[in-house]
Each structure stands twice: as C-alpha cells, then as structure tokens.
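Each of the next two complexes has subunit A plus one other chain: subunit B in the first, subunit C in the second.
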Partner chain A sequence: MNKIEAKNVDFYYGTFHALKGINITIPNNEVVAFIGPSGCGKSTFLRLFNRMNDLIPGARLTGQVLIDGQDIYEKGVDVDVLRRGVGMVFQRPNPFPKSIFENVAYGLRVNGIKDKDFIRQRVEEALTSAALWNEVKDKLKESAYALSGGQQQRLCIARAMAVQPSVLLMDEPASALDPISTAKIEELICELSSQTTIVIVTHSMQQAARVSNKTAFFYLGEMVEYGETKKIFTNPEKEATQNYITGRFG
Partner chain B sequence: MKKWIDRIARRIFTLSGFVTSVVILLIIGFLFSEAAGLFRQPIVEEGYVLALNKENDVDRLSAEQIKQLFDEDITNWKELGGKDMPVKVFRLEDLDHLYTEEELGAEYEHAGEKIAEQVRQTPGIIAFVPKVLVEGERDIHLVPDHTIPIKDVLLGTEWYPTATPSPIFGILPLLSGTLWVSFFAILIALPFGLAISIYLAEVAPPAVSKVLKPVIELLNGIPSVVYGFFGLAVIVPLLQQTFNLPVGESGLAGSLVLALMALPTIITVSEDAMRNCPRTMREASLALGATHWQTIYKVVVPYSVSGITSGVVLGIGRAVGETMAVLMVTGNAAVIPTSILEPLRTIPATIAAELGEAPAGGAHYQSLFLLGVILFFITLIINSCVEIVSARNKTKR
Partner chain C sequence: MVKFVENELISIKKEIHDMWTLVYEQLDNAYKSLLGPDVALAELVAAREKRVNAFELKIDSDIEDFIALYNPVAVDLRFALAMLKINNNLERIGDYADSIARFVIRTEFKPEDRELFEQLKLSQMYETALAMLKTTFESLEQQDIAQAKSVFEFDETLDSINDQAISVLVDYATRHPESVRLCIELAGVFRKLERTGDHINNLAEETIFYIDAEVLKHRRTAAPAQPEA
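Right after this comes the complex of A and B.
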C-alpha cells in the first residue's frame, strides 16, 4: 500500500525550475530519507506533501502528488484538513510562546476539540511517544522556552504527533542539535515509524543510514536514485550517488 | 596613531553621554524645584492680608473658603464656624467710594487708618488689602496666613489659578481630563490600530502594503496643529450634530484627534513586531491544520505582544503629552468630566495656555511646573509598565 505517490512533479519558484520530473512512491509506515547537497530541492520536495510551498509567492507546480490515492493539489482540497493528517517537524525547534502543555494541545485546539480530559490524555500520550513525558510532567505549565534545544525539538515532535497524523515530515530535525539529542531524536523516529509514515530530509548520511528503510538521493532538482537504504549506501547504481555518499562532493 | 584615534573617540563619546545626562538631570531638578516652590507660597496673594473685625474669631481660612467669601457664596460667618453675622466683603477699590481723595491723602497716606476704621465699624467685614497699609493699625484682626497645603493641590477639585484674593490650584480636573481623554483615545485607537497592523502584516498583498505603509508613516510627520485644525473643522461640528451638543468641543473630539495621531505609531510598531514573528513559527501552526486566522491570533499576536505593547504605549505617550491638537478641540473647561461629551482640559493644554499669562516666580507659574512634574510621573509610570511587561515576556521566551 502506497502512502504517498508523486507523478511527474515539476516545481518552479518564479522562473527557477526547482524540481524536475520527479516520480516516487513511499509505502505505508516506512521511514524514507531524502539526501543530497544543499539547494538540491529535497526540502522543497518534502514541503510539497503538506502544501507548505503554497505560502511562497510565485510558486507553481505541475504533475500530481497523491496521498492515500487522493491528489492533494486538486481543486476543492481543504488544505487545513490535509495538514491535519500530515504533520511536520522543522529544522530548528520552533515551539510557540506558550506553556509546554499548550504547545502540544495546540493542534487539537485549533481543530475544534474542546473536551478537556481528552486533550489532557492526548497530550500525555504525545509527550510519552516523544520520550519527553518523564522530563516535563511536573512542569507542563511552564514556558516551552525553558526547555533545552533537544527537549524543544522533541516537544515539536510531540506537538505534531498529538493530532495523530498518518504522515510525519521532518526537515533536518536534528541539524541544530547536539549529538546526544540527535541520538534521542533518531531513536524516536524508529519508534514512531510503527504508527506513521515518516519522510525525513537530512544532511547527515549516517543519519539516513541509521534511521531509514529507503533513501532518495537528490541532485540539482532531480531525483537521481531511489531505493533500499542498504543498497544506496553499499551499492548505488549511479555514479553521482556513489560520489556523494563517499564524500567526494556536497 | 590608531590608538590615539581610538582614545579620542572614546573620550568624545564619554563626554557627550555625560553632558547629556547631566543636562537632563538639571532639567528635571529645575522642574522639581520650581514645582516645590508652590507649597511655600502663601494662600493669599503675596503682599496682601485679610483683615477682620476684632470681634470675629475665625482664625484659619482655606483658599476655597476665601474664594467663596469673595464670590459671596458664603454670606454668613456662621457657615465657617464663626459668629452669626452677615459677611461684608471689602476690597481696596471700595475705599474710593467711601472717602474723598482728600481724606485718603494724595499718596494714600491715610488709607491705612480709614481701612482700620471700616474694619472696626463693621463686625462682619473681611477686607482684602495691601499688607503695608494696615500693618501698624491696632484693634483689627489680621487672618494669619499659611502656605498652600499639598493636600488641597493634589486632591483639590477646582482650578482657579487667577482668582483673587486667593487662587485655587486643585489639579484633579486637569488630571482626570488628561486621563479621560487618553483613555478614550486608546480605546478607539487600539482596535483599529491592531486591525490595520494585522491586515498590513498578514493579509494585505505585498503590493498594497508596500504603498500603504509609507502612507501611514507619513501621517506621523503631520504637525499636531494640523490635526487640531482638522479636528476643529471636521470632527467638532460633526460631533455637535450627531450628539446634538451645545458645543462640539469635547473630550470625545480630543480623543478622536488623539486616536488619529496615535494610530500611525501603533500601526507601524506593531506591524514591525508581527513581521518579526519567525516564519517557521507561522509554518508550525499552519502545519498543524490551523487556519490563517487561528495562526494570527493564537501564534503571531501572542509572539509579538511585547512589540504591540510598546507600540500602544508609545501611542499613549503621545496622547498623554499631546498639547496643541487637544488644546484646540477639547473646549478647555477645567472641570472634572462626568461624560466624554463634555468640554474638558488636559495638563499639557493648561501649561501651554496659561504659562504666557503667569508671572514668573509666582504661585501660578509654580503650579504650572507642578503640572509638568505630574505629567512627568504619568509618563514615567507608563514607561515602567512597558519595561515590566516586556521583561516578563522575555523571561517567558
């Protein structure tokens, strides 16, 4: 069962051709990593899945992006509903200027859930699944900014998980964190993959190798190679991939 | 060589900083010392005394009582706790009606005697006369003078700075006028300012905000007298018609003009604050399925709340200290306002209007400095509030 499917996707920022004819299928409940040098289009591609690029003036897309068989760029698609099902974690921790509890409850509240007991239960579940519950359970009322960077990032993961998305997009989630926090996030990705499909953009090839089942290598707006992570890292088909993973460029 | 330039530059900066600070402190010191002088002024105009008949045992009169006596609002000494006798007001001019020039003498040398004579003859008399004339006279009762009490100034409900024989400096009408006008100005300006800044920062297409923002900033540069003129020509008649008022000059007219003047500040500062809200913060909210509007009021506005507060406070600061426009449209009646549709008078307008006619060093002059001090404290309090609010927001972050 394919969760996400992209067909002949071309994407432009104004006149800049950022993504060129990309086709990919992402299976349910797997972790897929996008790797590639800076500016290769991997983040742009990731942000197509929850229509985050809609916010950029002059952005244009041709081709189809399907989630659960539904074209998300079709007319009449409710973007808010789409984004409820497709969570996102960003490069830098970006908690809201609210308490820890309210940060996690935010997604539930904006989607109209008022039942306090339900929210409390969901917040606890989300924080537990983000391996943060034990660290914050006594200070839920405190500001999210009181947490360390790594804790903040896990809070952002909990925030995304609280609405129980079927897809979780992660845009270099550990690039601003120290090694210990990074290890925690990676552990978390493995655990969460049982509940949700995860697409992760990363700069670190080791990270891609550690957490993902499948890896796609992007270069200059094209998807050069896509396959089982093991195969990409041990026996890539294309020379560009080989050069990149062996550190000859990028 | 480089080192020398470095040292000289540092000296210059230190010196200019030091000089500026000292000058500011001197100004504040001057303000305070002039204002404090008011409380050393006698109640009755300097050089004059109030003379009573010997029979009359009233010994202390407040400025307000004196004013009521001379306005003939108090007509019997009973009302002041004295004996039951009618009040007879006597001023220096009355002397000319009672006596011929010869009797008084060419140089008024007999005036003192004649005054004393009148005072002795009339049991209920109160005479307001120059001190030099009656100093030597016996058998009259001079009311002992005292200095203006602080309480009467700070809690006084009447402002008659030019009343004779004793001016009244109750600042409450002016203070309440200022606060009242500013309060309504902010009440009007805040929702509009916030709405416009949200529109500019979040909703408007870039082309629109590119044009609109400089236009709004331009409004900041219009001199306040022009706003006052506009208020006088447009807002005042409009209010008079809509609310069917006897006069259109009212607190509301002042508030509207001030709101208009505070708007550009509120808009530009809070719009900047909202634009400074990081994009990822917005995206995080949208990525959770929040609508644009939910993102604005649940994330963008709370994030920029300290910027918005400082915009609002700068706006209030302008409203509280604004002089000219308010002077032109509020009607300047120094009474404690009971509704916003009445004429009222603010502290800065009072200073501007009265400083020209107050003799330097006199009680009136000093009372205007006192008003300045009070204005200073109002803005000080407002600024401290901002500091506290933004400091609290910073620790939250």
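Right after this comes the complex of A and C.
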C-alpha cells in the first residue's frame, strides 16, 4: 500500500523551476532516501510532504501530492492537522528552550491533551523509541540544551514521534553529528520504520545505502532514477546515477 | 576524492594486467618446457611460482584497502569484487603451470614420447587453453562482453580432448607397461589443463560481471528457454 504519492509535480520559486515533473510512490512503513547534489531539489521535494514551502513568497506547485490517497494541497486541507501526521527532523537539532520533558510533551499539549498520566506515558514511550530514555530518565527537568548534539537530535526525533506521526521527514538528520551519534540515529531509523514511513534526505551515500529500502536520485530538479536501494547502489539503470554515487560528478 | 579513486582503480588494473601477463608466461613456458623438453625453462617456471603467489597476496591486500578506504559502489564495487576473484583464479592457473613444470623437471622423456604427445593432441589442448587466456585478457582490456563470451565455447574443446586423452593413455599404458607412470602423470597434466579452462571461464564470467553486472556463474549450463507456443 502506498503512503505517499506525487503525480506530475512541478514546483517553482518565483520563475525558478525547482522541481520538474516528479512522479513517485512511497510505500507504507518503508524508508526512502533522496540523494543528489546540493540544489537538485531533494529538500524542496521533501518539504512538499508537510507543506513547509507554503509560506515562501512566490512558491508555486502544480500536480498532486497525496498522503493516504488524499491530495494535501486541495482546498480545505487543514495544514495543522496534516503536520500532526507528518513529523519533521532537520539538519541541526532544534530543541525548544524548555526542559527535556517539555520538549517531548510540547506537541501533545499543543494538541490539547491535558491528561498528565497520559502525557507522562507518551513522553516515556517517545524517548524510549528514540533510544534516549535510559540516558535522560533521571534528568527530565533539565534543559534540553544540556544534552549533546547527538542527544538533542534524538530528542527532536522523540518530540516528532510523541504525536505518533504516520510519516517522518528527515532532512540530513545526521550531517552535524559524530559517527557514534550518526550510528544511533541510523539504528533509530530502522526501528521507527516499523511504525512510520520515513523519507530521508542525505548527502551520505553510505547512509542512504545502509538505512533505506528505496532510493531516489535527483539532479537539476528532476528525479533521474528511483528504485530499490540495493539495485541503485550495485547496478543503477542510469549513467548519471552511477556517476553521482561513485563520486564522478556532483 | 574522484582523483584518488581513479588512481586506485588504475593501480589495481595495472596489477591485474601484470599478474595476468605473468601467469600467461608461466603457462606458456610450462608448455614449451614440456614440448622441448627443456628442464632449464621448467625450472624457471617453478622458481617464478613464488612471484605469482606473492603477487596474489599483494593484489588481495590492495583491493581490501580500496574497499575499506573508498567504500566503492556500483561499477567500482563490481570492479573490486571481480578483480579479487580474477586474481584468485589466475593464481590457481599459475599453480597448474608450476605443477606441469615440476613434472617436466622430474621426468626423463624418451624420443618416442613425442609421438604419444601427438596422439594425445597435447599441442591442441595447450594452445586452446593459451588462446582462451589471451582472449579473456583482451576482453577485459577492451571491455568487450561478446569477446568474453566467445571463450566459453572453447571449454568444450578442452573437455573433449581431455576425455579422449584418457582412452589414449589407457591404451598406451596397456601396450607399454614400462610407461604406466608417465601415462598417469600425463593424465594429470591433461586434467590440469582442463581445470585451467574452467578457471579461464571464471575469468570471463567475472569480466562480464564487472562490465555488465550480469551473473553467469552456474547459469551457462542451464537449458535454453523454450520458445512460447
């Protein structure tokens, strides 16, 4: 079953044609990696899935982006409701200036949940699923800024997971982390994929190869190739893909 | 990054080229030493076997470093994997050349043995194996899949000559009981040449895998698909 589908998507920043005729289907509970050189449109495409580009002046989309079969750009779609189901983690960890506990509880409170026991339970579950619970369970009231970079990024993942999104978007989630923290994030991606569909933008070829089931290669606003990750990294169909993943251009 | 990778690929390619040239010379010299017979040449082959073994270890180590340091993917990964296997197959062919050379060193041939060699089609067997090795080498150099695939049909020639040689040797040993030992050793030589053909097939399969990602291992003997009615 497909979770996300893009049909004939074109996207413009003013007169700049950033995405050209993209068609893709992303299956439920799979990890899909977007790779490609800087400026190729992969992050722009990722941000279409939770309408993060809406507020950019001059931004314009044609085509359809469907999640669970519903066009998320249709009139009447509540963007807040959409974003409850589509979480996002960014390149740099961006915890709120609050305690560890309140960071994770934030989304629940914004959604109107007041039951303290429920919130406490969900915070623990989210921190556990983000492989952070054992490290922070004794300092939940401390500032999130006291955590290391890797821990902060896992906190952000826990914050996103607390509202149980069915899609998690990750824009270079480990690019600012050391190898050990990166390994933890990658393990986390594999574990979370049983609960949620994950789309990850990464500049690390090895990371895409390790964590994803499918990989899409973008170049100059076009999706050049999309397929099983094993195939893309052993015998890609397109010469441009091979040249990119072997480091010969881009 | 790209320049480093390219330099490594060129370096490994050159080592495989040199290993292949060395092993070809070993097989060719073992052949010439047998035809001669030329014990001095056979001793040269035996002495050079250590170089083949050392070269194999060096290439294995260099490819291991390449994989560890550069994390190759796609065609670069296929290249590394194929060259590892080509290296190992070449070393085995080198072993056979060494065995044949050692047979020449320990055997006192008689003038009439040359007639036996002709009955056995030794020259045809040996020259077919050498031609296969040369053709496969060229197919890798020129990245020519059709040329690599052309090698497979010659393998049947080696199998056929080997089968016939056994019958000829049994008959010869029956008529010349004093030559039983020679016949047994010659059966071993033919077996080694037949196995050399198998290893050259492996070289061709790995060449095709590297160029086109096509896996032919264990598939070439499968019956061709029947056309649909």
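Here is the rule we go by: the second predicted complex is superposed on the first by the 250 of 250 C-alpha atoms of A that agree within 3 Å, B and C clash if a C-alpha of one lies under 4 Å from a C-alpha of the other, contacts with A are read in each partner's own complex, and residues count from 1 in each chain.
Keep this in mind: a contact is a pair of C-beta atoms (placed from the backbone, for glycine too) under 8 Å apart; a residue touches a chain by one contact, two chains touch by 3 or more.
Predicted, not measured: the structure shown is a model, and the values here were computed from it.
> In the superposed model, does subunit B or subunit C contact more residues of subunit A?
When the residues of subunit A touched by each partner are counted, B comes out ahead.
> Give one of first, second, both or neither to describe whether A:S204 is in contact with subunit B, with subunit C, with both, or with none.
Once the two structures are laid over each other on A, A:S204 reaches no partner at all.
> Just subunit B (first), just subunit C (second), both, or neither: which does A:Q242 touch?
A:Q242: touches subunit C, not subunit B.
> Using the superposition described at the top, list the residues of subunit A that contact subunit B and also contact subunit C.
none
> Within the complex, which stretch of subunit B touches subunit A?
206, 278, 280-291, 294, 298-299, 302-303, 393, 396-397
> In their complex, what parts of subunit C are in touch with subunit A?
Listed in rising order, the residues of subunit C that touch subunit A are 1-2, 5, 71-78, 213.
> Touching residues of subunit A toward subunit C in the complex: what are they?
205-206, 209, 233-236, 241-242, 245-248
> Once bound in the complex, which stretches of subunit A touch subunit B?
50, 52, 55, 57, 80-81, 83-84, 86-88, 90-92, 94, 96-98, 106-107, 109-111, 143, 145, 156, 159-160, 163
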